[in-house]
Every structure is written in C-alpha cells, then in structure tokens.
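Both complexes shown next keep chain A, but they swap its partner, so chain B is in the first and chain C is in the second.
Moving on to the complex of A and B:
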C-alpha cells in the first residue's frame, strides 16, 4: 500500500459519507417539520455536498484522481466507501436528527484533527469548514436538547432513535487496516480509534445533559463493512436516483 | 366534523370539532421572533424579518440559516415579538406635525455652503 492509495482510501470514505448523507438529508427539502427547519436542514445538506466536492477535488489535484462529478456519480455501488449510517432511509424526523447529530460531531472531531495533518492540502480545508460544521453541531445540539425536554413521547422517540443510530454511527470509525496504519505512522491523522474516543466524550456530554442513555460501545455490534464496499440494500436505489440526471449526458457542461 | 387537510400539522392541533374552546398546553404554541442582523462588527443591527420558534435559542439557530447564509453577516439578534413595546396605529397622530417643525431639523444649519464658498475662493488664490 502506497501513501497515495492510503490517502485516497481515507478521502474517499470521508467524501462518500458526506455525499450520501447530503443527498439523504436533501430528501427532506419541502417536507421538513416547519419552514424554518426545512430551510436550515436543506442548507446544511448542501454544505455536506460541498464538503464531498472539496475532498474529491483534493484527490483530483493532489493524488491523481479523476473528475469529481464523474467520480461522485458514475462509480459502481461496491466502489463507494460510505458507512451504513448514511445509507439508511430518512425514516421519521427523530431518526434523521439523531443521525445528523452523531454524524456532524464525528465530522467536527475529524476535521479538528486534520487541521494538524501532515498532508498539507487538508489543513486549509479543515480550517475553512470549521465555522460551517460548528453551526451544524450547534443546530443538532439545540434540537436534541429541545426534543428530549418536550414530553414523554418526544423523549422516548429520541432515545429509540439513539439506540437505532448508535451501532450504525460506530461504522463511521470502521478500522482501516493497512491504510489506516500507514496514515497514522505518517501523521496524516490520529486513527479511527482515537477519533472514536474523542467523539464518545463529546456526544456523551450533550446526550447526558438531555438525559439520554448512550448504549455501551461494547454492548452493540458496530455496523462495519461500508469502508470495504459492502453496503446495505438502501445504497443502490439512492445511487440510481442521485445519478439519474447526470447519466443522461455525462459529458454535459453544467 | 373530521378535518380533511392534507397538512399533518392541522390534525396535530387537535382542534375541537364541536367548536368549544381548546386548552393550549405549555410549549404547544410557538412564538414569533424578530430577527436583526449585523453586517460588520460595530455596525448597527438591522431588522431583517422574523422566524417562528419554540424558544429564543431555536429562534437564533433558525435565524442564522434564514437570514445569515447568503449576504455578509457577522452576528444576529433575536427578540420575541411579544416583548417589543410599540404605539398602536391610532396613536399615529402624535407624530403628525413633525414635518412642520423644521426649526428642529439639524439640516437647517447651512454651514456647508459657507465652507464651500471659502474653499472656492482659496482655490482661486492658488491658481
């Protein structure tokens, strides 16, 4: 495994997570619970697609990768590296919000660490996205706290959303084997285990203030496989819809 | 009478079909918040619109994307509309004679004219 390939492995996983979740969250556009939230959630979904684009672009410019649009829309399902969390259908708003909360805190932690990455192109990107992700986590924290104090039914739904999302969210930190070892040795980033620990500490503080019970890390089966190209049944239909327009004329200029 | 609206929020309102008064539970009704944005540090906050939210914190969260995502903005205030004290429309007559009191208008001091006249005369001298 070369350092180049290891970097492509990591950046593709990050970008695919952002692309697929950005697409999923954008499915709420026009259907959000209130207009203000509809606008905020849609706007953050667009941000995620922007993050994916920036990461595909780094691969193109610094690692010999292809055109970001082609790479985003024309790969086969097994060539995507996203985790199972982001593939899940939206379900109801409790599930979507909890996923947004768990995902965006993981993203915040990852980019915080990448500000010191030995892979130079990631440093300015991590700094640039800092404020945007700060708003995303602030939004998520406010909703989680609010809904956990909004009566019994609301609280129960948030707890069951957390129970459903947590094993899936652990898949964000799926061990990356040889590629990960190389990136850690090269000081590109501190590794999945370290990120997961930081993430657990961060979300625990907010969840406990909302009186939610975080399932034990070892009491659940993490949803691994996405980083190796093994996906849930939900990804293929999403890819078909997402790339539908693009595939009608892949050479078109937009 | 069953409500036939396709909007699920209408049914969530639990309107009383017999037309009797409905008891509103705490937290059921959202407030309107006025939003003020600040374009740069030190500038005035300007009123830009309003958002609907369950509390001030959520109003601020909503206002950020509603009013701060396109143009330049460095900060936002939200104020519950109900907390703003204003005159009623029928008291508009209190302001009616303002335009006749031009002697209170600072623009009545025509000092710029004199300054410009002086500048013009000195410029002539230099030439």
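Moving on to the complex of A and C:
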C-alpha cells in the first residue's frame, strides 16, 4: 500500500458518501413537509455534491486520478466506497432528518481534524467545507430538538429513527486497515476510532438534551462493508438512475 | 416560473354588482386615482373587494405554478448528466420552490392563508400553469423547459412586476432576477445539445416538437376570446394582453431557435414584415381547456406527488404548530 493509494482510498470514501447522500437529499425536492424544508434539503444536496466534486478534483489534480464526472458517474457498484447509511432510501422525514444529523456531525468532525492534515491540498478545502457544514449541523440540531419537544408522536418518531440510523451511522467509521494505519502514521488524519469518539461526545450532548436514548455503542452491530465495496441493495438502482443520461454517451459533453 | 396567461374568473354578475354596491364610491375613486398616478397599493390600504379577489386568484395561481413547476424538472435532478448540470438544476428547482414561498407570502397579505391555498390546489379548485401537466420525457425536455418556458415566464412576470399591488411587485422583482439566471443555464444546456452529437440534436428536436404546443398555450387564450378585462387593466392587475406577450416571446426566441438549425412544428409560423406581428397556426384551444380542467397527461400524477408531500409531512407541521399560536398575515 503506497501513501498515494491510501489517500485515494480515504478521499474516495469521503467523496462517495457526500455524492450519494447529496443524491438522496436532492430527492426531497418538491416533497418536503414544509416548503422551507424542501429548500433546506435542496441546499444541503448542493453542498454535498459540491464537496464530492471538490474531493474528486483533488484526486485528479494531486493523486493522478481521472476526470471527476467519469469517476463519479461511470464506476461499477463494487468500486464505490460509500457507507450503508447514505445508500438507504429517504423513507419519511424523520429518517432523513436523523441521518442528516448523524452524518453531518461526523463530517464536521472529520473536516475539523483535516485542517491540520499533513496532506496539504486537504487543508484549505477542510477549512472551507467546515464553514458550510456548520449550517447543516445547526439545522439538524434545531429540528431534532424542536421535534423532540413537540409531543409524543414526533418524539417517538425521532427515537425510532435514531434506533434505525445509529448502527448504520457507525459504518461511517469503518476501520480502514492498512490504508488507515498508513494515513495515521503519516499524520494525514487521526484515524477512524479517534473520530468516532469525538463524534460520540458531540452527538451525545445534543441527543440527551432532546431526551433521546442513544443505543449502546457495543450493543449494536455496526453496518460495515461499504468501504470495501460491499453495498446494500439500494445502491445499484441509485447508480443506474444517476448515470441514466451520462452513460448514454460518456464521450459527449452535456 | 409561471404562465397560463391571465385566466381570470368571469365574475358572477349579480355577486359582483352586490359587492360593488358595498364599495364606497369615494374610496373607489381615490383608489383608482392612486393607481392612475402609478402608486402602489399596500396590504393595509382600502381596496375594492373584486380587486382583492382577482389578485388572490392571480398570485395564488402563480405560487402554485412555482411549486408544481418544480416537479417535471425535479424528476431529472437525480439523472442530470455531470456535476455542472446536476448542481445547476438542483439550484434552479430550489429557486422555484423559494419563489412559491415568496408568492404565498404575498398572497397571504390579502387575507388567504398558505394552508387554505394549498388545500384549494389539492382539491383542484385552484389552478396552476397548464404547461406543468406535460411530461418531461428526456434530458432534452429539461433544456427546453429551462430555456423556453423560463423565457416565456420572464415575459409574463416582467409585465406583472409593473402592476399595482406592492407586495406582489416586490416579490416579482426578486423572482425575475433569479429567473434570468435560469434562462442563462437553460440556454447553455440547450446550446450544448443543439451543437452536440447527432443523437443529442435529435433528442432536442424531438423535445421541441412535443413542447411547442404547450409553449403556444402558455400565454393563455387569444385576446379575441378572453373574458372582459378592461377593469383589471385599469386597476393594473392585468398588465399586458395574452397575444402581445405571445408575440413578444416569439419575436425574441423563434429566431434564436432557427439560428441553431432547429425547426418548429408549425408551417405557418412567420413574421409579417409589414405589421411586425407573428403569424402562427392556432394551437388546439379545446385541448388547453381540457388540460386546465384536469385532463392533461400528468395532472393526476403531479397532484398525487403534492398530496404525498402533504400527507407524509402532516406530523411535522402538526408538531411545529402550537394550537395557541395564531397565523398573522405577513406584511411583505
């Protein structure tokens, strides 16, 4: 494993997560429970897809990777490294909101750490993205808190969404084996375990203020596999839809 | 974006007479003098009941058109080819929903709540632009909508922005500003296909052929068959005639389409060099009426999507609403 390959592994996982969740967020367009939420999910979709694009461009410019459009739209399913959390269909608003909460706090922490990365191209990007994700976490915190205080039905819905999302969200921190060890040794980032601990501390504070019970970290089976190319049944149809036009003529400009 | 021309209620004559009897003649004269001087009418000002009724109807239809108009293009967000188009399309559709929000606020200043308007949309009582009841079958349809339907909407909205009701005009100014970006994006994507591979060009030509009639319908029925609207023009609710707007659109955009070597499915389409007016075959106005009244290819599908959002979002709205809170009309 070279450092170059380890970096590609990490950046692809981050970018694929952002791309696929951005795709899911964009599916809320026209369907939100209130127009304001429609607009919010649309806005976050643009940010996520923009983050993915920026990460694919770093791969292209600094790590010898290919064209971002081709890379994002044409790979085979097993070559995507996204986690199972982002692949899930949107379900109801409670599921999408809880996923957004868990995911965006994880991203915020990852980019906070990457500001000090030894891989120089990530530093300015991490600073910029951290500023955008701040609004995503603010949005998620406000809605979770509000819905948990607004009566039995919405509280119960948020608790069951948390139960469903939490094991999936642990997959965001799937151990990266040799690649991860190398990146930690090279001070590219502090490693998945350290990020997960920071994330747990952060979400715990907000969830307990909302009176939600976090399932025990050790009592659930984390949804691993995505980083190695093993995906849920939901990814392949999503990829077919995403490439629906692009694949008809990948050489053409659109 | 919005279209459908001005489809106003033919007022119930008896009801209208009764309402007008209640309008204080002095106040009415003062109101009409203000409009004639170019002043804007604001939410707290006195206004004739018929003015209020027709404005609510106009702004509400416009707001519905924005949120329903997001649907045909919205179905292509997940399929948009490449990062650039994908991001532009999400941003554009997001803007349209934002326009809906602005317009519902403007209509609320006249005394009808957003909930009541959405309920009327779902029950079919309240209309939206006909053009969104047609399917967007291919990616080329998205470029035709983004370029030509947005262009047509701009013609309509620029005219309305000069109207007499302050909150509506201010919302429209902002909307027109954003729509002009949509037009640029749509034009760019349209040109990309027009100058692309033979398959891309064929896809674009096919989309143009299918969308031409709905575009001709867009500005509403010809002036000769429109309901009497002298009063609405005097009150600056209706700002231009359907035929004039249609002519303005044809004058700007038909040459651009022809310049790209594309054709339009109307052999009669030509500009009369003497009058400067465009001549065209009459689109099928019976079909227009049928689609308005729910018989278009996608009416039911579009409303079902809206109903899904209403039903599945109900628990969220309920959770946000404190029963003790009262809705105050915004003073946009």
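Basically, the second predicted complex is superposed on the first by the 253 of 254 C-alpha atoms of A that agree within 3 Å, B and C clash if a C-alpha of one lies under 4 Å from a C-alpha of the other, contacts with A are read in each partner's own complex, and residues count from 1 in each chain.
Just so we're on the same page, a contact is a pair of C-beta atoms (placed from the backbone, for glycine too) under 8 Å apart; a residue touches a chain by one contact, two chains touch by 3 or more.
On a predicted model such as this, the values are computed, not experimentally measured, just so you know.
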Chain touching more of chain A, residue-wise (chain B, chain C): C
A:36 touches, of chain B and chain C: first, second, both or neither? both
Contacts of A:186 with chain B and chain C, given as first, second, both or neither: neither
Contacts of A:146 with chain B and chain C, given as first, second, both or neither: both
Contacts of A:254 with chain B and chain C, given as first, second, both or neither: second
Partner chain(s) touched by A:157 [first = chain B, second = chain C, both, neither]: second
Touching partner for A:45 - first (chain B), second (chain C), both, neither: second
Chain B versus chain C as contact partner of A:138, first or second or both or neither: first
Common ground on chain A, meaning residues reached by chain C in one complex and by chain B in the other: 34-37, 39, 43, 146, 150-151
Chain A-facing residues of chain C, complex: 67, 70-71, 74, 77-83, 85-87, 90-91, 93-94, 97-98, 100-101, 104, 139, 189, 192-193, 196-197, 199-200, 305, 308-309, 312-320
Of all residues in chain A, those that touch chain C in their complex: 23, 26-27, 29-39, 42-43, 45-46, 49-50, 53, 68-69, 72-73, 92-93, 146-147, 150-151, 153-154, 157, 238, 241-242, 244-246, 248-249, 252-254
Parts of chain A lying in touch with chain B, wherever the complex brings them together: 34-37, 39-40, 43-44, 135, 138-139, 142-143, 146, 150-151
Complex interface listing, chain B residues touching chain A: 27, 30, 51-55, 57-58, 61-62, 64-66, 69
